[in-house]
């Protein structure tokens, strides 16, 4: 097993003209991962490549019948239609265990995308703000200011001071590493508390992504997840208020 | 000294037909280590190979007469009999000091097993549940769902949601890395508190292992260890109750 | 992308005779960084080379229009005049994420300086003393005791017991690595609290640097920053006094 | 600069017949370092080789006139006399910043010793016991049980259960790595609190070392250091008792 291993599942993807990439790896609130996992499902995308790496955690996952598998990231392909582009989806379990590994893995993903004729990358993620957000803004970051107009038109916010401290991990690196080989890139980060998996923020990211790409994805399941989460959060919030009230009685 | 060093002690093991591997390295509750160290002893297994590594901790061990030795893992061989299979036992002091090292060392073990004609690997370990467990369940994880029937028949539990978060370290990696070269693999994890070395859990793991492999190992010593531990745990528990009572008196 | 990547922006710098280096990377109080960033600006220095590295944090920065860029360090050149030397300025975002990386990156910077004919290096930084400092001393450290006279004459302090524990990171390493290839080196460290970005300390470092090098840099902006900071610190201090008074009332 | 760099200062040491090595790098209580630094001084040993490494901390030291130098370990040579053996002393600033680095550096030291014809290594260190020790025992650990008699005769203790957990770092590794190339090795560890630099423990280690090697080293300075430390510890202890008394008055 090498430091980065790519196993190819399909031979002829390169024949398709310039698929876009949508990448959503685990991160803050799993905002990007939720969207991309959802797209793999609703677009019935097929697996093109699987990446395993000694830079991933040495933590084996259980699947059906408790069959073990390595941590892996996967590239899926959906061919697109008249109004919707061909899409490569980068989804998976994990990011690197070391700072240097982020660069090494980022380069590996970009090399795969190059082979598949990619010209544009969207990366999706969350931006933790430390408080509950009802109507999350979508912050964008770009490979070039020439992308400014379309991103603003799609409803995202451009602000060089947010996220404070920039973007850590694959969502940022894929944009800068892609630019080195001539790819356009747009990172979309949904505001989220940072404490919980956040389908509400994911839905808001998907809204912007659809406007940008023309993809139309049934979102029933994501909406259900989001509504379920809002109910849970309300329940938590009311419990907390009650507890605070109790606390006051106790102190009083 | 290279990153991984293998020193061979025996030349002719490869002549034996397809020994199974039973691996038990240090980990949660030392559940797997206790079983494998016990098997090395009761099966009078002979040392086949010794692995030292710059990926092991730089911590030298003292043996008889305070003679120093490097941390090492060892492969032992027991030839088996009519009803009992030939066995390679992977035992030793330690696992890797880094995440990436787990993969590198795992590959090294698998290469040794390949040379020795291995077709099936059992890895043993513990599953920390954070509370005392009187009758530990044995969770299994598999290289393939084709192993499901025999594992359930031997009394193990298959549940894709346990251990939560999967299996970290050699117990999981040897199964997935072995599969890459065509080996079957079964991980057996005994429930354990996670706070103490746990021969009770080890005995329960050995029960399942014996049903799966046909090995019959005298278990007097392991049973003594287990009974001794149960006495100690009871003593601790009653001391803790007494202390709690004292605490209450003090507060009162 | 290699471990260290150098992108050259200008071809003919080597033609200039022996520019001095002034290096100010992020560190305690950003004392060195403030000075060098200021010099890049007021000397209208042009970019000569850009260093990116897998040893830098995997954290992408946002610039105007939220365009993403990699963390990078940069070498700028200002040609100097009759009374002022030609200068290379090493400025940038970060230092290494690992101890070993400091040596690897340090070597890379020195190789760039060698190519550009450098004979002398000044490194600037802060020395955290854990309390507010109104009139910061400038501690110097040298590549050779032959530099002692000029450094003392310029107003710096030489004391083998300060900074306690020596100098960590690029400010120290560039001096010792440079000496290996025959470069003279002087590190100038401004006393600073260690809690805040400190333009007051930076101004004091610049005073000594100017005496040593003959550079004359307009310092309006740095002075404004410093005066603004003193006001803020006074405000913080008076708030803290008030709070302490409040605390006393509360306790009383 | 390579990962490990050896700079030779003397060409003809190999001509001497089989010098012994005495190694004392920084560690618990600096017990070993104090002895070896003392021996370098009193034996007027000359520098043979200097080791610098990217595996050492990126922390530059200040010497006279605030001249900077890299962290380094050094090998010194004292030719010995009729009753006293030729000695190589391994002294210096630091050990590795990573677990793997301990092995890499240990190998580098052993390679130097091989070139210089070494047949026996003594490593000196401390064993932290978490309480003040008035009459420290000297624990020994060996490359072979054949060394048992002479070590016991010299007054050291051999106990496979102490130090608990074995020996971490160069003091242990040099013994096991040296054995791989046929060198005998004896580690001598002085009991010490673990909280303070401990010349009392160092003096006790030197006692045993002298009996083992026949070296006679004037120990005035070490004795002065030790006596000074005993005075300081007494002062600390009496202050602590006084403070405890004050505390009681305060609470009362």
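By letter and in written order, the chains are A, B, C and D; residue numbering begins at 1 in each of them.
The rule is short, and it goes like this: contacts are C-beta pairs under 8 Å (C-beta built on N, C-alpha and C of every residue); 3 or more make two chains touch, one makes a residue touch a chain.
All figures in this text were calculated on a predicted structure; none of them were measured in a lab.
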Shared touching chains for chain A and chain D? B, C
Please tell me whether the contact surfaces of chain B and chain D are same or different in residue numbering, using the over-half criterion. different
Name the chain whose C-alpha centroid is farthest from the C-alpha centroid of chain C. B
Centroid from C-alpha atoms only, then distance chain C to chain D, rounded to Å. What do you get? 38
Cα centroid separation, chain B vs chain C, in Å, comes to 53
Contacts with two or more other chains, residues of chain B listed in rising order: none
Full enumeration of touching chain pairs: A-B, A-C, B-D, C-D
Spell out the part of chain C that touches chain A in their complex, as residue ranges. 1, 3, 54-70, 97-98
Report the residues of chain D in contact with chain B in the complex, numbered from low to high. 96, 99-100, 102-104, 106-107, 139-145, 148, 158-163, 165-169, 172-173, 175-177, 180, 185, 187
